[in-house]
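The following blocks contain the structures, represented as structure tokens.
After this come two complexes, each holding chain A, first together with chain B and then together with chain C.
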Partner chain A sequence: MSELTTPNALSIPIKDRVLQFARNNMGIVSTLISIFAIILALFIGGILIALAGINPWEAVTYLIKGSFGNRYGFGETLTRFVPLLFSSLSFAIAHKSGFFNVGAEGQLLMGAVGGVLVGAYVTGLNPVLHVILCILSGVLFGAIWAGIAGLLKIFLGADELINTMMLNYVALLLVDFLIQGPLKSPDSYLFVSATILPSAKLPIILSKTPLHLGFIISLVVTAAVFYLVYRTPIGFQMRTVGANRKAASYAGINIVWATIIALITTGGLAGMGGALELMGAQFKIVNGFSAGYGYDGIGVAVMGRYNPIGIILATLLFAVIRVGMGAMQRGAGVPFPLLNVIQGLIIVFVIASGYLTNKLSETVIGGRA
Partner chain B sequence: MEAAWVTTIVTWLTMSIRLSIPLLFPSLGGLISQKAGVYNFGLEGMMLCGAYFGYYGSYKTGNPWIGLLMGMVAGGLLGLLLAFTSIHLRVSQLVIGLGIGVFSLGLTGYLFRLIGLQAQNPAAILFDKVNFGFLRKIPIIGEIFFSHSWMVYAAILLVIIIGWFFYKTTAGLNFRAVGENPQVAETAGVNVIANRYLAVVISGVLASMGGAFLTLTQTAYFMENITAGRGWIAISTIILGKFNPWGVLLACLLFGAADAAQMQIQVMNLGIPYQLLLMIPYIMAILAMVGFVGKVRSPAAMGKPYIKH
Partner chain C sequence: MKKFSLVMIFVLLIGMLAACTPAAEKPADQPVAETPAPEKPAADAPTAEKPLRVAMVFNTTIKDGGYAQFGYEALMALKEKYNLEVSYQESVGDATIKDVLRSYAADGYDLVYAHELYFTEAVNEVAPEFPDVKFGVTGYMASSPNVIALDATNWQGVYLAGVVAGMMTKSNKIAMVTVSQSPIALTMVNAMYMGALTHNPNVQILHLFTGSFDDVVKAKEMATAAIKDGADIVYANAGLGTVGAIEAAKEHNTYAIGSSSDRSSLAPDLVLTSNILDSGRYITIAVEGLINGDLEWGKVYVLGVKEGVEYLAPFNNAVPQDVKDAVQQATQDMIDGKVPTPPSDKYMWE
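Our next item is the complex of A and B:
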């Protein structure tokens, strides 16, 4: 009789009970770890601010006030949210499909080029149509740019990681060339592209702030993308290819086709981010148009653990930090690159903490993936 | 007229050697790490830290050697971080490398802007060129081969040492075994973990020397993102060089030659937009990946974490 009863809860050592709880609630554990990672990264950032002879508390006040302490800052944070979300979606979807796309920066820029071509040079369209065509053009350009690396991988086996990274540098130079030459605005002495027409601009959705319709589009697209990945047959195929290429091949999945869809999605998303940033926020391409959103997206995806809710929350956090850093630079004189220090630390801490979660779930992954 | 052509070619060859060195250091670093079975995708970040701390040490103390030492320590520490996370914690080597890149880009930019706020002319002291005496006076040869900083010769010496170590010593054989088949190596009494740690830390130190080469022999100033992707190109030169130090040297010379050529074409003012010329190294890296992947055999256990049973 006594052998059949479940052991008394009190008879199990505390340590095992904690482990048991953690195993059953991996979501909570990884969220706590992420929060701890952020706090640790911000703490080290604070030390760096103090080393520069600036009062960290004063700097933090600027960060909070600047990013969501007032209406304008709040709108600006949600505006920065848009390109960040797209580039992290781009990285996450590629990652799920077994494709390392670190080229969101370049694809985002090319998406903006696609946006300018339609937005500034195609005239006489009704606004709705113009906006849609502009976005599609951005998607197309982003997908083509990712497609270069993707097709080289599919058909020639070339490593996509280095190629997407190299294409970032090529895109940066290409855009620089375009805004100094073929796409240069005739009305300006500066090196900027032509400005898109009013009919291609996205409407503001929160008055007295820069927040534009792209914000809502970005949330809808996120839902659609995760529907595609988790609820459709092609999404299943993409994930299977990503999880295990060999198994996918034995299961009769058309790997080339699944990879091509993944490529169009990953490049198209980054391109769409660039197009929306152009149509909602900047209206023309200047030098430094992207400002590192593509690289930030990697950190966001890692921190959001590649799932939709996680990515949206992580994007929001990164947008707050980004806008807040701008305010800190203006207000307290803290150099802006501190943004990358904090993001880099978050990536390192979150990924290193993967060891703990692996230990807990008693699985071992690793290597490049 | 003929003399002008000779000068151009001599300048080109001299520059080719000089420009291949900031690529050779991180390539050799990456090679050592990959031979032991660990991907080092943090090369770019390690180079940046080497470039910044090399610059900072030389600027503050007036002694480039102290700068170089600071840079190497910074690179070694990042290497240690990469080693700990990828060997011990067995987490994604790619993501940790990217994290190191983002962190280093931020840290060096942050610290440099703080200096820029205070100093009037923040120039670092450069290394002197080696004085070869009469050798330097030999026409053409003297200019091409004997007009460089000691770091150039050190990098080439490293190629010789690494080649000898890998293929002529027992320790080198053990080292390669760690990257090919760690289980067998461990059974044979080789300490896999120690070898991998050592490889990744050395890799970080070498990458940082590549960065320090830029600030301590070339520019005397630091610029944000001064390495411009060389840490990533290095990964393709390793493949182009077929995982052999001599091959890597040739690959780096090829990139150096292309870079020197595009710089000279810029100076000639032929009306080609400079941005298109600057793309050449990146496009070459892509072509190298396309042409050689699959035909080159990489160490069998590369990127796979080792689990001791």
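Our next item is the complex of A and C:
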């Protein structure tokens, strides 16, 4: 008779207990699901590698070893992290502000152009000042590039998805033109831009690796950007405009102003990524300067669910994949096309896991996490 | 909807259990086995001293049927011959090349070879950081004492093709399709002219350039126009356009000379020969130079007919013996250094 009044744990149906656990530990569950997705992708990738006649454990070992297992690989991973983080932040901030910016690739390239202009042609500056000016120039160029699409949207209602994407090609070809003509290094036989001056180069923060100061800057900027979006009035306005333009307008928010701030932030972030990559890693613009960072940034932002911790972790994952793939090829001899397949698998699985987590949280909480 | 989600969770949990088992095993035994034995040397150790470790970097796929593939095949042949420990990375972009070079160098490879002109500056930038590692590049600059740059003359093979073209033409007009009017292209045009002049004082060159390494259609149109203009030999050295130009020759039953690799399969009766640029020789020269110690590091070597980098592919049946003899003679002249470098700033006949 007492069972009716005080139900103990065992008598609750299993379904409710699972739901209750999930409800209380949503963070852990969603993290586990993401990790599981990666493991599953690697598992399927491993089968493919085995089919190609290569020992999959050896290949996976090289993936880990190449990106974390040695000092150089670790530094390289964190160096790749920087431009990826900036382009994903750029996409995430645009998303929060109701702006679909797939033009990070072009903005990053233009940021690098801005960096080269100041870094290579402005002489006689104190290194600290030179570095700061270089970064600001990169931010400015990136912001202008995003601004073109943004102004078209604000004043003409032109679709920013198309415009930012098309501006990527304009930027790519413009950079091609610049490194073959006006910005071409006079003492190089190849089509590369002039090299930035030593005073504009970022210092290495971990010796014997390529890891440069940009890594720390990137983390600081991430914190600053999310402070701007979540803790300041203008950030609130940006998010409100992003959530519902009409409601924001009705609430008295200056939509044009909020969008402009969002634009400067999103384009500026991508441009800053380009400038830091230039000043810390490459020192000059070469053909294919941005190895698809702008496009990967979209995947990173989606995977990181547009929140700072998520984005940092997802960026790290992408950087590990990028660096580890090279190591898999060098060490285990995994063919390059197969590496692309595995990379695709990881991305698809992780994004699918994001969808799954959303569904799960809808079920147990009744809303999105 | 709830049911669906629950099923998904269930699938996930089952999958997680299944996947966890192997994943847990890996860290336990793998690193222990991995650290002391960098795989292959263990087996080879008793036979000789530590095998030479050679790494090679390509900017395209190794299955490109040309430049990179020759290099890759040469690397594999060297591996067999000298019992090397080799590694390679393909499709490396200009933006990541420095990281790849540093990874190899930090990994203790003896020779890191970058098989691409555009890697020259990166190699010269990275090399001073690793004075104990030898670097090689197919390029034009070696600014550090541990770097060697190997480059082709890019004209000696064309000169030989010119000898063939000059002797085979009846209309005294040779069409030449290249990519551009760059100094390298002008050197090739002049080499063709010089080669043709040796046995034919009345020869004329119709130089056409496509402006692109992969414009097959334009190369074909240009070659067709030249044939209509009276040319009866088409020499093509225009990247992928080479195929288009030979196609045009085939349609008009005109002789052609290919370039880069043996193009005879495109039109066996009409392709007289091809001037081959054997990009596999670079890595061979670098590795053998390292083993035999007869290369001077910190130097740029410009290689041609003498070193076996450039030569003509086997002739087809249309080529008579006296032409073959003339090519033989021209080859010898070039090895003896009797042929001057053609000018690169203007057409010689102007």
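One rule holds for everything that comes next: the second predicted complex is superposed on the first by the 309 of 369 C-alpha atoms of A that agree within 3 Å, B and C clash if a C-alpha of one lies under 4 Å from a C-alpha of the other, contacts with A are read in each partner's own complex, and residues count from 1 in each chain.
Methods note: a contact is a pair of C-beta atoms (placed from the backbone, for glycine too) under 8 Å apart; a residue touches a chain by one contact, two chains touch by 3 or more.
Since the model is a prediction, treat every value here as computed from it, not as a measurement.
Trainee: If you stack the two complexes on chain A, which partner ends up touching A:81: first (chain B), second (chain C), both, or neither?
Mentor: neither
Trainee: Tell me the contact category for A:156 with respect to chain B and chain C: first, second, both or neither.
Mentor: First partner only.
Trainee: Output check: A:318 vs chain B and chain C. Expected answer is one of first, second, both, neither. What do you get?
Mentor: Once the two structures are laid over each other on A, A:318 reaches no partner at all.
Trainee: State whether A:68 touches chain B only (first), chain C only (second), both chains, or neither.
Mentor: After superposing on A, A:68 lies clear of both chain B and chain C.
Trainee: After the superposition on A, what does A:331 contact: first (chain B), second (chain C), both or neither?
Mentor: A:331 contacts chain C only, not chain B.
Trainee: Touching chain B in one complex and chain C in the other: list those residues of chain A.
Mentor: Common interface on chain A, chain B vs chain C: 333, 336-337.
Trainee: Residue numbers of chain A touching chain B in their complex, please.
Mentor: 48, 52, 100, 102, 152, 156-159, 161-163, 165-170, 173-174, 176-177, 180-181, 295, 298-299, 302, 333, 335-345, 347-348, 351-352, 354-355, 358, 364-369
Trainee: State the interface residues of chain C toward chain A in the complex, per the touch definition above.
Mentor: Going through chain C, the ones touching chain A are 1-2, 4-6, 8-9, 12, 15-16, 19-20, 22-23, 26, 30-31, 34, 39, 55, 61, 87-91, 93-96, 98-100, 102-104, 106-107, 117-118, 120-121, 140-141.
Trainee: Quick one: in the complex, what on chain B touches chain A?
Mentor: 39, 41, 45, 81, 85-86, 89-96, 98-110, 113-114, 117, 224, 228-229, 232-233, 235-236, 239, 273, 275-276, 278-279, 282-283, 285-286, 289-290, 293-294, 303-305, 307
Trainee: Please give the residue numbers of chain A that touch chain C in the complex, ascending.
Mentor: So the residues of chain A in touch with chain C come to 15, 18, 22, 32-33, 36, 39-40, 43, 57-58, 60-61, 65-66, 70-73, 76, 79, 188-190, 192, 208, 210, 281-282, 286-291, 323, 326-327, 329-331, 333, 336-337, 356, 359-360, 362-363.
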